[in-house]
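So, here's a batch of structures to check.
Two complexes come next, and they have one chain in common, subunit A, joined by subunit B in the first and subunit C in the second.
Now for the complex of A and B:
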């Protein structure tokens, strides 16, 4: 079986997100990048499936973005993907989900993948649309928020996470696309021999035009960063003084002490 | 009167060829025994320990003859040295007799063993023999009667004791029986030069000549056979340490302890990393196992063992020896266990005290490398998280790298990207950059530099974790990646002098980055500040205070810095009270070896143990010069609850508070 995993490189969420010059997205300066968490679950599940199936299975990992995403593709290959596809697109960060999906579908259409894994959503844009749109464009059956996965012959069984921790089990016919949620698996840490092998594995570079990128359907008009209102207060100093200041703060900002009627 | 003795008296010259034939056979058996051992050692990976032979040979002679390392611990050490010197003297005496009997007498017709020299010869050997017997007795009482904690005794130990004792005893009985029918009767003056022999002669006084002579002959053959038995037994028992332990004083590294080999990640032929089995360790690691005498000194000093964790450096070495002999391709990691491997703080206390120069830490790191690089395993999820954070953000906290230089905003420090005309590059390290407590240390250091007129630069956002915790945890790949990023930044700004307040960064940048091409001199802030004071660039206004100094493992044991920080404390007005284990015997804070990234899940907390030692000095301040130690001590002191009376400070904070002017 041929398996495709789609991964995105996202900024580390600890960074400071400032609007870019146009005010339409964040400025990348000073940010550290990594593989989207949910996509790591997708890679792990694809590799596990390959290992279960044995010799005949092959996993391709695809990522859209500027040259820095190669690092993420290599990491996925170090985790066990066989081949890499880099859709070189400097503008990827500001593309809408429809455009990204159109490129992925453009690549996958003629290649007959039995299963496609993607993350449930990305940590930065978080639209949770790309996987679903790819499934629609390719005519695949689709299940989202997978926390359990198994595959038997032509049928995949997916455990889905529902609100409040409830779960549902769905069955879908292959070819299918599954978007992966936290709890699906525990992604492996690449071993050094695999990291070194990944450097020598085939990496195909393609352009958006070659894959038939479509015009956007949604444009991001503005970006503003989260202003922390109730940020935590760190008190430092001698123990005796600290207790008094905690009481003052509680009194001043909350009603827990119920003095003077509170709020 | 003749002042000599007849060699082979009463035994007859016919015994000589038999004696030499038997000796040859025994020596042959010993060589065969060692050949088998050499075969075991050669299963290991190659390592050059035969370079700089003159230096190595000098160390070999001085360490083995003086018993310097054995004597560092008087318990067991004093008796061992007595036995060693006694036996060595008697061995030399036996060689001299051989030289006399079979070379000097027949070829040159010379007799050395006569006159005053013979009298002294007799006296010295008698005293050597009695010293050896008493020392052996002491060791016997220690091992079989007192039975110190942790000392493992097997049947082999009993056998070796019995053998040594019977050799010494029969030696004196031969002498006594000979003297009873010769010197005691006809040369009493000479007999007094063999006081122990004279005493032994008393046993034979009432017997008739013929009986004594036949007893003597029997004892002589018994003594010979026991002696040759000893020779055969050397490679087969712990007695092999005669060669292996002394040999290790030749083979031990000439560099400071703790250096781990840098893996060539460009070499595509390497497919396996670290040591999953005995054959993947170096031959020296397997040799070490045969140099170990199970004296348990390492185990006693291991902070992990002392706090109830499943790691004993001695057991690790012995498990390696067993695996090398029995199943060189079996999993040594499973034998030692993961929990034991992850528990090591790489503090090096084991190696420091080891009388056999065994290198424990590199073995543990070798096995950790196998777990990390070949299996993708971690000491815990928190370590995995921190490792990923180092990979992505360049620090174990996962804080955005862009804010790495924020601590210095408003301080007299320039970021190299903006101003590279500085006197020193201060490599702040992750803790001084992000940990609020250690930021104060960085601020103190900057104030000291400002007072001394030193212009300080930092890499700021371009600085990365030095890679030490991850390297010690076995992740060589990530270490090299971060090290290369740092080195590239140093080169970009033409850095010529680096100072750091972290002994771990100091060890990486100053020593381990050498293998990756960094040649810039690197100093630790303790010696750097001490030099400022020395050269009068920094003037202090001493203020009396009581303190104790914690020798951080990577400052003291790993880099030999002991006196400068103590000198600085005194210059600042400190009255120093030493903790019981200090200097090279210092006790780890618990955070070395990458343990700073890990939760301490088993046993008692190492930091609490060290804080307890500090409290016992009665000093008001626990001073160290390492961000890991400081963090551990703050935790350790806080865990004691609101007990007044002790605070933890960095050396730079002490000095900064006493700048004059």
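Now for the complex of A and C:
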């Protein structure tokens, strides 16, 4: 079986975000990039499936983005993907989900994947659209928010996570696309030998035009820092002083210290 | 006047109560509204308008191919400017299918209206975007709790029908894993987030909880990593807590975590990132490395 996994490279969310000159997305200066959390689960599940199937199974990892995303493709290959596809697109960060999906579908259309894995959402844009749109464009059956996955013969069984932590167990006909939720598995850490091996694996580079990128369906009219509505006091400084102030505030604002906490 | 088609949902035999935020949104938008539901006749929304209705006993609860066809039927009948879902496990699954079929723009997790577009959070809630649809009809999903719930009136039901062939089949539901730990009555909850860094540092969080006479909670990555039991997860897919004191140690404050603790009394966050979104709901953010700060705080509390 041929398996495809789609990964996005996103900034570390602990970084400081500033709007770019156009005011439509963030300026990348000073941000560190890594694989989208959700996509690590997607890569792990694809590789596990390949390992279970043995022999003929093969995993392709695909990412759309500027040259920096090659690092994320290499990481996925070090986790066990056989080959990489880089859709080189300097403008990817500001493409809408429909455009990204059109490129992924453009690549996958003639290649007969039995299973496609994506993350359920990206950490930076977080639209939770790209995976489902790819499935619709390709006519694949699809289930989102997988926290459990198994596959036999012509069907896949997916545990979908619902509100409150309940699950819906669903069966999909193959070919299918599954969007992966946190906790689906335990993504492996690439070992040094595998990192070295990944450097020698095939990496194909394609352009958006070759894949038939579509026109956008939305436009960004503004991008700014989220102004806080609450009134949060921020304390900084030397640790002893900080601890003393926290205790004073606990005393003023809560009853916990009087109730027997603080021992 | 613009028209909105609101998509309500049912799950495990019940109408999902959040549906009431859909008419609240339509009012905020100043649009007319009608509704569509695959549900149960004894669980109808309190909504004053046309309800395109299909029976879930016939069409299934989670049956995306078929629900997509049913919603598209209602779209044909109403010709709306907006098709609106809640951003729920049902909505984020179905909305892009409907959008793709219509080649319509979709804006996900809308939390406001303004500047000729829809406001939505990004970058883990640190930033916000205003997005404008470029297609005549747009599909939207709404952030839970962002718009006022509105209930009232009797729906006028119009039957919906569609072909039943499906590539996805719902087999069964499973209850939450749980673990027998009920944090909902705790007066103090001290929770560990991914910022604790290593399993060993959970002991610091435990020690602080003990010093404050409280319980230990966790964010999702911490239970996923197996550092704490699943039953201690707080958030939209875990427990909801409302202690008089909540201390978040190394928790960024993602919307799904905040959903489970925003009813807390006094909230203290300990975080190296002073811009962490947890500041939105915290009274106090101690900008410090928890590995260094917690031992100091604990020893002061004990003395």
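Keep in mind that, in the parts below, the second predicted complex is superposed on the first by the 226 of 263 C-alpha atoms of A that agree within 3 Å, B and C clash if a C-alpha of one lies under 4 Å from a C-alpha of the other, contacts with A are read in each partner's own complex, and residues count from 1 in each chain.
FYI, contacts are C-beta pairs under 8 Å (C-beta built on N, C-alpha and C of every residue); 3 or more make two chains touch, one makes a residue touch a chain.
All figures in this text were calculated on a predicted structure; none of them were measured in a lab.
In the superposition on chain A, A:1 contacts neither subunit B nor subunit C. Judged by the touch definition given at the top, the superposed model places A:16 against both subunit B and subunit C.
More residues of subunit A lie in touch with C than with the remaining chain of the pair subunit B and subunit C. Once the two complexes are overlaid on the shared chain, A:188 sits against subunit B while remaining clear of subunit C. Look at A:126: by the touch rule set out above, it reaches subunit C but stays clear of subunit B. Looking at the shared chain after the overlay, A:256 reaches subunit C, while subunit B stays out of its contact range.
Once chain A of one complex is fitted onto chain A of the other, the partner contacts of A:236 extend to both subunit B and subunit C. Once the two complexes are laid over each other on the shared chain, residue contacts for A:222 go to subunit C alone; subunit B is not touched.
By the touch criterion stated above, A:206 is placed in contact with neither subunit B nor subunit C. Counting contacts by the rule stated earlier, residues 14, 16, 234, 236, 239 of subunit A appear in both its interface with subunit B and its interface with subunit C. Those residues of subunit A whose C-beta lies close enough to touch subunit C in the complex are 11, 13-14, 16-17, 19, 26, 96-98, 120-121, 123-129, 132-133, 136-137, 141-145, 157, 159-173, 176, 182-183, 216-226, 228-236, 239-240, 242-244, 246-247, 249-250, 253-256, 259-263.
Within the complex formed with subunit A, the subunit C residues making contact are 11-12, 62, 64-65, 87-89, 92-93, 95-97, 99-101, 103-109, 115-117, 121-135, 167-178, 187-188, 211-214, 220-221, 223-224, 233, 236-238, 244-245, 252, 265-266, 268-269, 272-277, 279-288, 292-293, 296-297, 300-302.
Those residues of subunit A lying in contact with subunit B across their complex are 12, 14-16, 29-34, 188-193, 195-196, 234, 236, 239.
Across the complex, subunit B meets subunit A through its residues 265, 268, 271-273, 373-378, 384, 387-388, 392-394, 398-403, 436, 461, 476-477, 642.
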